[in-house]
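Think of it as A, B, C and D in the order they're written, each chain with its own count starting at 1.
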């Protein structure tokens, strides 16, 4: 797939998403909002597993912390200002990622997988068992965040469509942010670390520093997703941080195609829609979901989006109208 | 209820059940969502109960009992046919909001029945309260559901955790146990039950030797039981349910503690678990608003009808589902099926006095049940009533603005 | 609290440790020899418990249940290895995590389809149903001692097999250098299928032994899984000795954590792991990468 | 005294019981090509790994331009101006040839913790990359994927990456390993060119190549320095003849 076809497809998809609330019912607008949130979460993990080569199995911790920061700080507030709540969530998730990352990046391979899992479990159990933060019950929020300048409401998120566009804007910003840092010198270093960390160190880079920064960025972005989820549902609970969520997030990234930025978004659409509609087919829908994931790992390890270029190539070879012939991206 | 006692056969119920379920599947595809009122349009009843996971059996019994009640009434609510939209909640709080949204915004249900899990209940009620559908909670016990979250359109046919714990304290004092250890799963519901227990136990002159909250939903109790043995109390009051309850009762017996420490608990400790607990449960005393052996006509009828319709023995969850069905019937019959007459329907529901299998059931201003609480003991594998522990137990509905 | 209280807790800790060792030893073998991260290990523990419940019900005896159940578990292990795991060797850890994660979903659903969602329990065999008095009011079930004894016997047997037999040599060689095993002219595919079945067998056997003192319920494997991973990682992947020490450490920390730090009972185990990995990133007995 | 760029002082490394490098004291002079030879297992590569920081010494010290660099991590040593190439090709196989050198060249900017501007705007890096590619003779192959290049080209790229970091001292671990004779000649030519304004420490088994370009030779056997001196001195050394060269000549 050339970058031109890719950008064109992405742009068309964006236009479709912008127009969607004009046609979709409130339920579907809410559903797609949720997909945006999950997509941001998956994108953040993709920075780690797809670009830096860090297989984190505890990424849900930062998602949860983003949500909890919002809920803890504002559970009794009558007005939640976005400009207060959002930075708070990002900072909390980023700080947690800094601590977890600082400890974890000393290890590698399976130990890294396990230590990130263990750290996430610590957060999970801390919130699960602490009576201060609602324990297993979680925390409810009764208001949605607003953006105010003076006393003027610029943006009120209690309207489903507003929230939809806000989440979409966050997703697009997150996407563009990642595109930017991956093109920047920083991105060159982390992708090289994924390819061959030892060599990068021999070339004179302190790789741990880059891995840590990547971990913190990913954690902060996951915190953004957690903030949105908390604000959208008005409810946070420890299961946001459970290792199942981390596992599902890995599934989303790989299902969509890791190491690409559109892959996780496609993956989020696939998994959330499956989670939503499979139960209508059968009570044992997790069996189907598990089967689908297994099939992808075995037969399509580069993810669903790796099919796109093949499909395009297929049609091109059928039509044979492209004067330049199929170009390899 | 006894007036329309038609004594349906099992086959009858199964057929109707199938028709209803098939209707559900078809209807969600073909029938456009409408707000139309009239005799022709079906009443939509959304059900959000767990059919998988730890609480699966509870969800299944609640649904089947409610369907039984509807089928006894000819599968009509105020003259209108019923359409069910049945969703598996998986008892996962994180999905509760999404699934409730599906029922309210996508399916536009008239009634919402569910859930089992308290936290799912909170997420659900938070969305439904106010202008959402009339909601009937057939199990979740969190105090907040008819406390701070109470709303005119939200009813509960089960219990609040206060009602579960509070009568326990006085019952144990009455049995002569003054030095008691509290052990419970350390999560919202467990903590609320323990707190309510102390509200009657401490003022009555009892002493809490120690509180041992154990991590939910973990079931390795050995270390805690050793601690319990070393504390040497007269008795222990517990809250555990499902797999935890089975394990606790068995470990307690295996540690030889039955000889020196009397085991009490909120009713779920032994409810419906006889087969799994076996001998270990003999002599365990629990406090609940229901007992299999209650000797009233409603219970005798209900138990045989439920057994006939589903093939399994009824339990407290089935009773709560059956009463949920009854409550919806009362409301719809009062307005002849006109779901638009909301205020009138709510009035009819909140003033209902139901002749439930559990005994007399009425509702408080916060729409929480008022009912008798029984002290029961496991004798020969059955939960038998020892005495009424609290007559017409009410709930303080802390934080509710409707009282 | 008196001394006897701590002694009883020590007994509890050791007994818990033994059971953990049984599950974790299978896991560490799979990782050490095959390089496989098997998240579905807990599902095999659950499988063992359900097989024990089902077959004990059918045959009326736990012993017969275990005797019939073990071959079934081994067969399931073999099939899973052939049809899923064997494709993973060439792939990254990431894919192993994902595939075995999906296997958990599948196994949990299959369990519900086969055995429903009720909570079950398995009776303790009559011959071991007694108990003896520990303190003035607490007694200790003989069956718990039996589990410990069985675990010790099994640990001894494993030690013997791994240190003294030809098979053990192959396994040790495989754990330290996978290419070398191939060079020795051993059919790696067969060895791996065998080792995976054994790992599954160990987990299932632990589930069977524990069934009478645990209750048998849906999703029970998940609780065991994560804690066994902690054991493996603390001990160092691939090291049976490490798994043993790790299991004992976790047994002690989690038992005394519950008593001494009840608020943080679940957190301390993970904190211990984090501290150990900070000190030794490869685990207590792991090889330096 | 000659201008010493790198010095080791009683440097040792043991792995468990095995002493791979034993009490090695050597001085490398600026501007020279200093080859280390010796039979397999003599500890040559271990010595290079100690110098580059890939391994931590068990004992002894390393001084670079008079500064103690013992136990510094590899990236710090690289930043001080010591570049190295590996015996086994160690490149980013999924990257293009250009990107491989780019990552190397980018390591010389102040910091790569830059997030906002695209990397391609960094002029200095682009220049260094082009220069390194040209030096190692791969300008024509700039856009090829590294994994698609021939083995010889990959070896050249290995050196190119090192050059892109603009080191003062080059540690070359068997740059000719596995090459055909034509490719070898090219690389030897490249090494000669580099020798003009770099200091080279070279491990090589190809004796003809070594004798043709080295100024000084060190012979290692069993982790110890057997002899060190000019090419002539080594050629004529009795000890070397017995312990090493004799054997080597038989083998050749």
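The working rule: a contact is a pair of C-beta atoms (placed from the backbone, for glycine too) under 8 Å apart; a residue touches a chain by one contact, two chains touch by 3 or more.
Bear in mind the structure is a predicted one, so any value in this text is a computation, not a measurement.
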item: Chain of greatest Cα-centre distance to chain B; value: D
item: Most centrally placed chain - per-chain CA mean versus overall CA mean; value: A
item: More contacts between chains, A-D or B-C; value: B-C
item: Centre distance in Å when chain A and chain B are each reduced to the mean of their C-alpha atoms; value: 38
item: Centre-to-centre distance between chain D and chain A (centres being mean Cα positions), rounded to whole Å; value: 43
item: Cα-centroid distance, chain B relative to chain D, in whole angstrom; value: 76
item: Chain A: positions in contact with at least two other chains; value: 125, 128-129, 284, 286
item: Shared-contact residues (touching 2 or more other chains) in chain D; value: none
item: Multi-partner residues of chain C (each touching 2 or more other chains); value: 112, 265-266
item: Pairwise chain contacts, counting only pairs that touch as defined; value: A-B, A-C, A-D, B-C
item: Contact footprint of chain B on chain C as seen in their complex; value: 1-2, 4-5, 8-9, 12-13, 15-16, 112, 116-121, 123-124, 131, 133, 135, 137-141, 143-144, 213-215, 217-220, 223, 254-256, 258-259, 262, 265-266
item: Residues of chain B touching chain C in the complex; value: 52-54, 56-57, 212-215, 218-220, 222-227, 229-230, 232, 242-244, 246-247, 250-251, 254-257, 259-261, 273, 276-278
item: Residue ranges of chain C touching chain A (in the complex, touch as defined); value: 31, 37, 39, 84, 87, 91-95, 97-99, 101-106, 108-110, 112-113, 226, 229-230, 232-233, 237, 263-267, 270-271, 273-274, 277-278, 281-283, 289
item: For the chain D and chain A complex, residues of the former touching the latter; value: 52, 54, 73-76, 78-79, 84, 86, 90-95, 99, 102-104, 106-109, 112-120, 122, 161, 165
item: Sites on chain A touched by chain C in the complex; value: 49, 55, 57, 103, 106-111, 113-115, 117-119, 121-122, 125-126, 128-130, 243, 247, 250-251, 254, 284, 286-287, 289-291, 293-294, 297-298, 301
